[in-house]
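Before any comments, here is the structure.
Order of writing sets the chain letters: A, B, C and D. Residues in each chain are counted from 1.
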Amino acid sequence: MIVVMATNATARQISEVIARIRAMGYEVHLSEGEERTIIGVIGRGDPLDKEQLSMQEGVHEVLSVTHPYKIASREYHPEATTFALGQHTVGAKDLALIAGPCSVEGREEIIEIAHAVKEAGATALRGGAFKPRTSPYSFQGMGEEGLKYLAEAREQTGLPIVTEVMDPSLVPLVAEYADVLQIGARNMQNYTLLHAAGKSHHPVLLKRGMMSTIEELLMAAEYILSHGNMRVMLCERGIRTFETYTRNTFDINAIPVLKDITHLPIIADPSHGVGKWEYVEAVSLAAVAAGADGLILEVHQDPESAMSDGRQSLTPKRYHELVKKTVALANLVGRNVPTAQPVGA
Amino acid sequence: MIVVMATNATARQISEVIARIRAMGYEVHLSEGEERTIIGVIGRGDPLDKEQLSMQEGVHEVLSVTHPYKIASREYHPEATTFALGQHTVGAKDLALIAGPCSVEGREEIIEIAHAVKEAGATALRGGAFKPRTSPYSFQGMGEEGLKYLAEAREQTGLPIVTEVMDPSLVPLVAEYADVLQIGARNMQNYTLLHAAGKSHHPVLLKRGMMSTIEELLMAAEYILSHGNMRVMLCERGIRTFETYTRNTFDINAIPVLKDITHLPIIADPSHGVGKWEYVEAVSLAAVAAGADGLILEVHQDPESAMSDGRQSLTPKRYHELVKKTVALANLVGRNVPTAQPVGA
Amino acid sequence: MIVVMATNATARQISEVIARIRAMGYEVHLSEGEERTIIGVIGRGDPLDKEQLSMQEGVHEVLSVTHPYKIASREYHPEATTFALGQHTVGAKDLALIAGPCSVEGREEIIEIAHAVKEAGATALRGGAFKPRTSPYSFQGMGEEGLKYLAEAREQTGLPIVTEVMDPSLVPLVAEYADVLQIGARNMQNYTLLHAAGKSHHPVLLKRGMMSTIEELLMAAEYILSHGNMRVMLCERGIRTFETYTRNTFDINAIPVLKDITHLPIIADPSHGVGKWEYVEAVSLAAVAAGADGLILEVHQDPESAMSDGRQSLTPKRYHELVKKTVALANLVGRNVPTAQPVGA
Amino acid sequence: MIVVMATNATARQISEVIARIRAMGYEVHLSEGEERTIIGVIGRGDPLDKEQLSMQEGVHEVLSVTHPYKIASREYHPEATTFALGQHTVGAKDLALIAGPCSVEGREEIIEIAHAVKEAGATALRGGAFKPRTSPYSFQGMGEEGLKYLAEAREQTGLPIVTEVMDPSLVPLVAEYADVLQIGARNMQNYTLLHAAGKSHHPVLLKRGMMSTIEELLMAAEYILSHGNMRVMLCERGIRTFETYTRNTFDINAIPVLKDITHLPIIADPSHGVGKWEYVEAVSLAAVAAGADGLILEVHQDPESAMSDGRQSLTPKRYHELVKKTVALANLVGRNVPTAQPVGA
């Protein structure tokens, strides 16, 4: 940390800032310029509160030279984090292809779509049993019944299950059925839920909040990681901007940035990222080209009748087309679609 | 709702859309233009899903002519909602002046500041016992111990208590101590928490999420209201924009807009809205001039030592100055500061 | 400036950075921490390019400790800038009350509205002769004919004229008729136009771009000031955010911030800032309460027939009501409405 | 257009709205619901002002069912617009690979980099002679001297020239030297400049403003197109959002959206879109995967010494790597890099 004193700071103010820093177990390094004094904070003491320091009299500004997350950073953990998702590995060469409906709408429906996405090449099944809806009057999901149907779909297809949990007290229940706990964008800073997910030691798919910075996403991940639960996938699903033509603005920049600064796998969610099915393929290919470790996509056998998010859902046929293009692209960027048929087959 | 068909929609597509609308219990009104057909949806049937309709073949766009919230709207409830907060009434002529530290930091500290803000003219005490912090390594609040100190501060000063609850399972505990349950900006769309607050039938201060539209704020309130809990105050606390000079951008427009479209009281939080104490007074006066029903402000006896949010905290002395200016301004805009000394006293 | 070296920077990289800084005429101050070296840049040499320095090998980050504008800053010019606008002074105790239609629509129309706003208490007349319109098919203004009508309105009412100039080559023409050159939000970074306005030495009203930070606004002002033209008013007119209920988000925070960091007068434009006439009064009072030096408002005798911006235009009657409330508020915040009738008159 | 009347609109108000619409040469279609009346506007009359209609008494809202741009739309011109850029064609199968420094810094420098990007596979040379800089104290470009050096570079390499014009009065001068007039992001709504570019009938590269919607970009293009100048390329270069880790947020969604709704070619500018050279390759490949018609990239022989934008500039070597990857990707998405060596060569 660097403390920049005001141009008119007094000698006494400077001494008091130094005393405070030393009291926390740090050394200081003084740089007395013509215009102002700058104090470097050196060493490893108690956590220093940047805001407190900036409130000291005579202080102009406090500048951080490091980021606030630790376990999530590449510096802490240079190797990419990888872990099993069903028969495949997330974060390594294989792309994770997670697909399924927005909501579980019934037993037959989820089993049918599970078979359909598996045939199309998916490596995991998504589907919401507990749904966060903007309106209290909208369909809120099938609850535990939906979880049971998801488990049955897994039994029949072998696809691991990714499903959302919204209530910290339901983490054990959802973890009983699901292979991956999804934490939704609206709950990215629901710290009670993050703690519960951390303690569960279950794999987590953590979605970026629609107005959260990349740094805040990593801080949210840090909550989970701080419990020793390292199996966390980050998910870019679009941010909120002034542009209203698309539902969100998919932050393609976040893919290479996250690959650079964290070791956690990055999954792209173009369904929410663009919000209209006709643009989902283009954004999906873009995400893979930019280095994403996988795609999570909404697929529904009859989007027009979907109970939620039909506007952005692909049909199984369109999803199959997309997977075929992803196979070719994956090879080009040094990745692999594990469910792809061998060439010529 | 109005369904705008595509210019090239076929007669069969039009019939199918009409059939679907009728199947939900509505009548249709057809307008066949030269370029396209427009279908008006008339009557009161089952809830219609705008997204589903927009997915029907041949549909260009579906336009809403009403807003999605009901109980929160002025149309539903034309009179302003008012309710007791301690000895005063929120939402009527009296301004609510809620003040106190960001966090409860200890027994003596909260009791001291409670007396200080009371003397300055506050009508309620704020202070966090459970703190949502971006970093898992930051101070997370004193928990139930903090709630007990708040209750003791109330006993000594008579000020009702406003404090945050983050965990749905802790709503009963917090409601036992607090007069008002605060739901923080990060949890505005934590629907499990909203349901729990609704069921508690305890007064609620609902903060607008930094990324949430005015309509989404009202939809979040609707979750609470739908349980019959009508004692909800809305809180504008600044939104996230591209501007980084201030912590947030206080949305002054939201004050007159909310006063117009909802009957719920609107409290302004300029401490978070601007994020630097030196600008808090200006934004507070602006909020009252624009029609806010109250102010919630961070006040700390020693902002430089505050465990959180010191940068935006007023000293008791500065808070007292602000209250004095608010008294004069309140009269001008037809409001009243109930704790104000009579003129000439 | 402070250069933060990477944790793994080599001694050679450090030497090269130091050499580069010295070559520009600065001294360096070295702080060698356990983890990294930090280099302070001291003295006054040639302008240093932050970006260039940050590109040097081994550099982690370059931090500025000063802002990039000079003449616009309070540090450079601690006293508030004031100058004459008609019979009154802008930037001192008197509020500037600029009012009139979005566009000049005809001779009679502008003369009529000029009389109306004068009677209501305005101190200057606004009206566009050259209109920046999103669509090439919309009314683009009356051009020089409109300027002539504005001049005639001034002759009849004594109100000075504020009108927009969009084309650098037309600055002399517009300056011939207008008392204040308005530079619109879309042109805030039209540097050719800023240079032309600077060279004209005519008073300027510079609107903040809807996408521009406070710092960028001051940098744009710096273009004008750098020609020795100090008669610049800044105008906050709302920024673009994700909120769509209002046309823009009026950045009330910007008022106290600008009053703090610059000496230039700040005019508020609530008509554009909120975009709906029914909310304009609330936001206008808020702006004055927050410390604005004046208001620029759209007033039209028949908003329903206005050729542009009718949705946000006040009638003369409503404007008159607003001015009356402003008079009372001005006294409260230590300001004055120069056209106000003496109390009791 | 659809006029939604208020629930309490009177019969007289409804008649007046209808009369107004008819007076403009349209027919109306009335839909009288239980709650409100809705008026459809039918036919082709004089341009109707949505805002004016929405100001009529008794009107709740006016909804558009069409977009405001015409010549730019796919509906008006279903075939993709293509035109020659040097020896290749923009907007057809060939990708346009435009590369070069941010600024022309000298004769030798621009000629050297022109040869370097040509060897790497570029199809056009970029370089600014007139530079829009945030600060009046920064390097503003070499002016006409820079244009001459660009022309010399073209002579030696055969690469057509893309360079920015900021001043409407300089359009003829810049058009004399340049093959493509670039209109920068800050000038996207500089209508005087857009008109001048339209009248020049010279090819134009129109950059999206950093806070402009897709619709506003097309409206800006419409200004140029309305003069009969159809040779317009649109350029997505990142928008301004709350995220500060990257310089801008490259709007990858805009690529498939623009390909869908307009016939004009879309060029991606990942250099500005992400702002740090280490992420430029990932975003470039993403843009091509999403369907862009070309890439405009900043390349500098010594980014550390660049007079502007060094932080986002590639070295010629890195650019060459990027082009090689683009060749492979282009084939995959049905495009072609015209300068690519035949496979096996």
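FYI, a contact is a pair of C-beta atoms (placed from the backbone, for glycine too) under 8 Å apart; a residue touches a chain by one contact, two chains touch by 3 or more.
Everything numeric in this text was worked out from a predicted model, so none of it was measured.
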Neighbouring chains shared between chain A and chain D, ordered by label: B, C
From chain D, the most remote chain by mean C-alpha position: B
Centroid spacing, where centroids are CA-atom means, of chain A and chain B in whole angstrom: 27
Centre-to-centre distance between chain C and chain B (centres being mean Cα positions), rounded to whole Å: 31
Chain B-chain D separation of Cα centroids, rounded to whole Å: 40
Residue numbers of chain D (touch at least two other chains): 211, 240-242, 244
Residue ranges of chain C in contact with chain D within the complex: 47, 49, 51-52, 54-57, 68-70, 132-138, 166-169, 186-187, 189-192, 209-211, 216, 219, 222-223, 226, 240, 303-311
Touching residues on chain A, where the partner in the complex is chain C: 2, 4, 29, 31-34, 36, 38, 40, 42-44, 60-61, 63, 65, 75, 211, 240-242, 244
Contacting residues of chain B [partner chain C, same complex]: 211, 213-215, 239, 241-246, 249-257, 259-260, 273-274, 278-279, 282-283, 285-291, 325, 328-329, 332-333
